[in-house]
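In this document, chain identifiers A, B, C and D correspond to the written order of the chains, with residue numbering beginning at 1 in each.
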Amino acid sequence: MAPNARSSTAPARPSWSSALTHIEPNRILVRGYPIDELMGRVHFGDAIYLLLTGDLPSPSIGRLIEAILVSFIDHGVTPPSTLAARNAATTGASIRGAVAAGVVGFGRHYGGDILACRQRLDEGLALARRGETLSKAATELINRLVTAREIPPPGFGHRYHTTDPRATRLLQIAHDLESDHRYTQLIRAMEHALAEHPALQGRPMPINVDGAIAAVCGDLGLPPEVADALLIASRVPGLAAHVLEEQAREPPMRVIDPLSHDYDGPSERRLGPRRK
Amino acid sequence: MAPNARSSTAPARPSWSSALTHIEPNRILVRGYPIDELMGRVHFGDAIYLLLTGDLPSPSIGRLIEAILVSFIDHGVTPPSTLAARNAATTGASIRGAVAAGVVGFGRHYGGDILACRQRLDEGLALARRGETLSKAATELINRLVTAREIPPPGFGHRYHTTDPRATRLLQIAHDLESDHRYTQLIRAMEHALAEHPALQGRPMPINVDGAIAAVCGDLGLPPEVADALLIASRVPGLAAHVLEEQAREPPMRVIDPLSHDYDGPSERRLGPRRK
Amino acid sequence: MAPNARSSTAPARPSWSSALTHIEPNRILVRGYPIDELMGRVHFGDAIYLLLTGDLPSPSIGRLIEAILVSFIDHGVTPPSTLAARNAATTGASIRGAVAAGVVGFGRHYGGDILACRQRLDEGLALARRGETLSKAATELINRLVTAREIPPPGFGHRYHTTDPRATRLLQIAHDLESDHRYTQLIRAMEHALAEHPALQGRPMPINVDGAIAAVCGDLGLPPEVADALLIASRVPGLAAHVLEEQAREPPMRVIDPLSHDYDGPSERRLGPRRK
Amino acid sequence: MAPNARSSTAPARPSWSSALTHIEPNRILVRGYPIDELMGRVHFGDAIYLLLTGDLPSPSIGRLIEAILVSFIDHGVTPPSTLAARNAATTGASIRGAVAAGVVGFGRHYGGDILACRQRLDEGLALARRGETLSKAATELINRLVTAREIPPPGFGHRYHTTDPRATRLLQIAHDLESDHRYTQLIRAMEHALAEHPALQGRPMPINVDGAIAAVCGDLGLPPEVADALLIASRVPGLAAHVLEEQAREPPMRVIDPLSHDYDGPSERRLGPRRK
């Protein structure tokens, strides 16, 4: 039947299914949990994990997920995706439009590394399964990447940082929670192998936050797509904050200079002792 | 000087400022706090509030913000923005592209109500400041809206629910935390006035989640744009989950039927006693 | 019935209708015309007009529409929407994603003026219908806009140009084709009134391309939304060209400086005599 | 220097260059041509080709490009990208936002086939360069694709059509203009080999419009990215027309049924004799 013919009685169509959220009048169940039960009792980070994986996280895993979500929340005005959002904002686009412009501005070179990084880590773990130590597997993997001119490898290096504080902290939390296993051990070994490689002396290539997230999510058994989703969820509040600031402080249709700007927010401060 | 002339020595350009995040090599300060200090010690919901407003929330306010963020996280397959994201996903678009399609699909009729709702609430509060009780102000405001055929008013009514469990719960949490004040009192009074209006009998128009969020954020002193940003941050994980599910379970280029589908996720379940 | 219940036999649903394109196996009719008949015999500009309005344009109107479509095709690297697209492109986003980032970056201050401009023109024409000459209506309208601090008015002024060559040319073509009527006469009168206004001396506020398009489309009887659609259709090839150039010539993740750049394309050249 | 330090005197920065459009006060040169000279004298399709490639097309090539641009302009309500745009539109999103939602909804399975199709064609041409006839190269290529389960191959097959009228017509125009060469000859040979393959009997897999465009652009010496850009430029007016119709005819927040709809536009009609 032609696809746009008028049907007075539609034949039964194959139903399809979603396992995410059940909607009935006056009831919303997110992976089975009533949403009004989750509200006020479960943190947003836990609810994100629940929705993406199907279950609430244990307290340890929940803490790691929250740390991932906090890690990528913003990186100032210079990331191109943030500049895309600000440029959309200066034309008077809606918050949604400007945030969307920032979300599509996450290409494979920025926040799009997770999949590639996981693929390299999987290569390395395959080498290790064939009997090599993680250290040797890491060295061999780095050699392959140098030969393939894939340097810095996905998950390593950064435009500004020689040590990415977010990666350091995330791997530390994973370690403290005894959540670090093969993936994180391998990525640490790769960082070491990079630092030792004779052809790469003088080029700092620390694990970056993408790499740390890819490794930690690997050890948590989360597919790379879920890690991707966590990155997007993390950065959207940052994009929104930049859009709001742009539209509140700056005149419309201005030239946004990515080089000559400064920071005029709160000075450095520390969390008080109350927050654990 | 022509805007694209080559400058061998660029004159000093006016610098501009951002108060969000300070970046230096190896240091990232989000509103002054080192990000590696926030990670593992501050929840994602708190970090979102910090970025948007400039300070960490008190425990009460933090709980309310987390509840807002959880409330809007997903609403199943039928919201048009979710269908926009799924339709983009079925063509094989990237996660980012498909999520972005969902984000722009938040027009003024869906999740775009916050500003309009706040404007009506502000009208009502202005009436109350002139000496009327909130109850009378609500009644007069509803009369105006009926005359202007702005029924249901922004913040009221829902396609599926006659009582929106998310609104009920959010207002309850605000009440328990003694965070409810003029805005939430007014919106409750408006709900009552709508139920009592002679011309609107038989048409349930409960406060919906947009209205509850608009009122609660009003009492928290947050501008409507910040409430908007919280809505977007809340729904993005939901959009991502739908995109991931679409691309994992379904064949590409399928016809996504918004009417004939069902839920096959976990059955209804409750949180255990451990979670407060 | 709950919206997501499983239906083994779906009852008849109300069909809805679209008047744009009829699809059957092996047949595609665009507003009734077989697409393979349009291809090779009708220009793209004519097909756009056909799709948006329901009929092919007369040769005169077709020429005007083509001129509109050519007028907005690109404006170099500085428009914020183009910078949004280039910033998305430098992260390695897909062409589609980067172009989309540019499309949402058309807020009400850039290319979003058409509706506002038409509203002011309609105000002016209403004044003229009450017996005033267009010249007087224009002066009064400008006075209102000065009082309302809506200066420059939508459709007037430009960041770089004191005379917008696209507006000048478009109005000239309309005049040559005898397509200029009340709207274009009024906007010319407004330009004159702006130049004569005592409070605005020394501030060039020429009709810009948005204003010219708004006026010409008004005289063609096209609603502002159609004019909007023509603008978007016009600029998308420009956005695509910038994305392609960015990804072909420049390294990924570069800082895109909107101030220090130059043009290295073909030198100025003229069309030969063959093209009418 | 830290990237966000304040610079009172900015040192010279490396300028970068764009070869697309030169902007000076009151002058706009698109690939060297003054825009006001192009307007009214050059068709939109020619201007698109000029911007993307650097030169105006010859009349033959111009005709082919216009045919490509017309071919993909719309395909009714069922393409997922069009449904993404309509779903965004029903929430009240701006035209730009809704069109952008449709633009990102062109994933690799829909309109994203050009690159993959060109890669297969290049494989086939490489086989032919090694001495095989195109016919043999086509057969071998099809065999490879059958083995790799890449069936239908990119550029072949369609959800609704057993003969894609747009592909048939485009290849015919190319033939009439003597623009068809190796790429189009090969794709025709592949279509023949698919029809002859013993394992694929009974499964019509005609050249679809993507394949025809990929082949024709190959013979025109256009890179696949340019073909991609032409597809996007072609479909954007279609997306805009759907968004406008949705917002003009339908109530907001409606359920858009992709199965039960019909066409109520003009009946089939033919072009008059005047249009060549």
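Keep in mind that, in the parts below, contacts are C-beta pairs under 8 Å (C-beta built on N, C-alpha and C of every residue); 3 or more make two chains touch, one makes a residue touch a chain.
Here the structure is a predicted model, which means the values were calculated and not measured.
In this structure, the chain pairs A-D and B-D differ in their number of contacting C-beta pairs, and the larger number is found at B-D. Matching residue numbers shows that A-D is the pair in A-D, C-D or A-B whose interface repeats B-C, with more than half of the contact pairs in common. Note on chain placement: the centre of chain A and the centre of chain B lie 22 Å apart, centres being C-alpha means. Remark: chain B and chain D have CA centroids separated by 37 Å (rounded to whole angstrom). The centroid of the Cα atoms in chain A and the matching centroid in chain D are 32 Å apart. Residue positions of chain C touching 2 or more other chains: 3-4, 6-7, 10, 13, 15, 22-25, 76-78, 93-94, 96-97, 100-101, 104, 106, 112, 160, 256-257, 259-263. Within the complex, the chain D residues that touch chain C are 13-45, 47-48, 51-52, 54, 56, 63, 66-67, 69-71, 73-78, 94-97, 99-101, 103-104, 106, 112, 160-166, 168-170, 173, 225-226, 228-229, 232-234, 236-238, 240-245, 247-250, 256-257, 260-271, 275-276. Put simply, chain C touches chain A in their complex at residues 2-4, 6-13, 15, 22-25, 78, 80-81, 83-85, 87-94, 97-98, 100-102, 104-112, 159, 252-253, 255-259. Across the interface of their complex, chain A is touched by residues 3-7, 10, 13, 76-78, 93-94, 96-97, 100, 104, 160, 259-263 of chain D.
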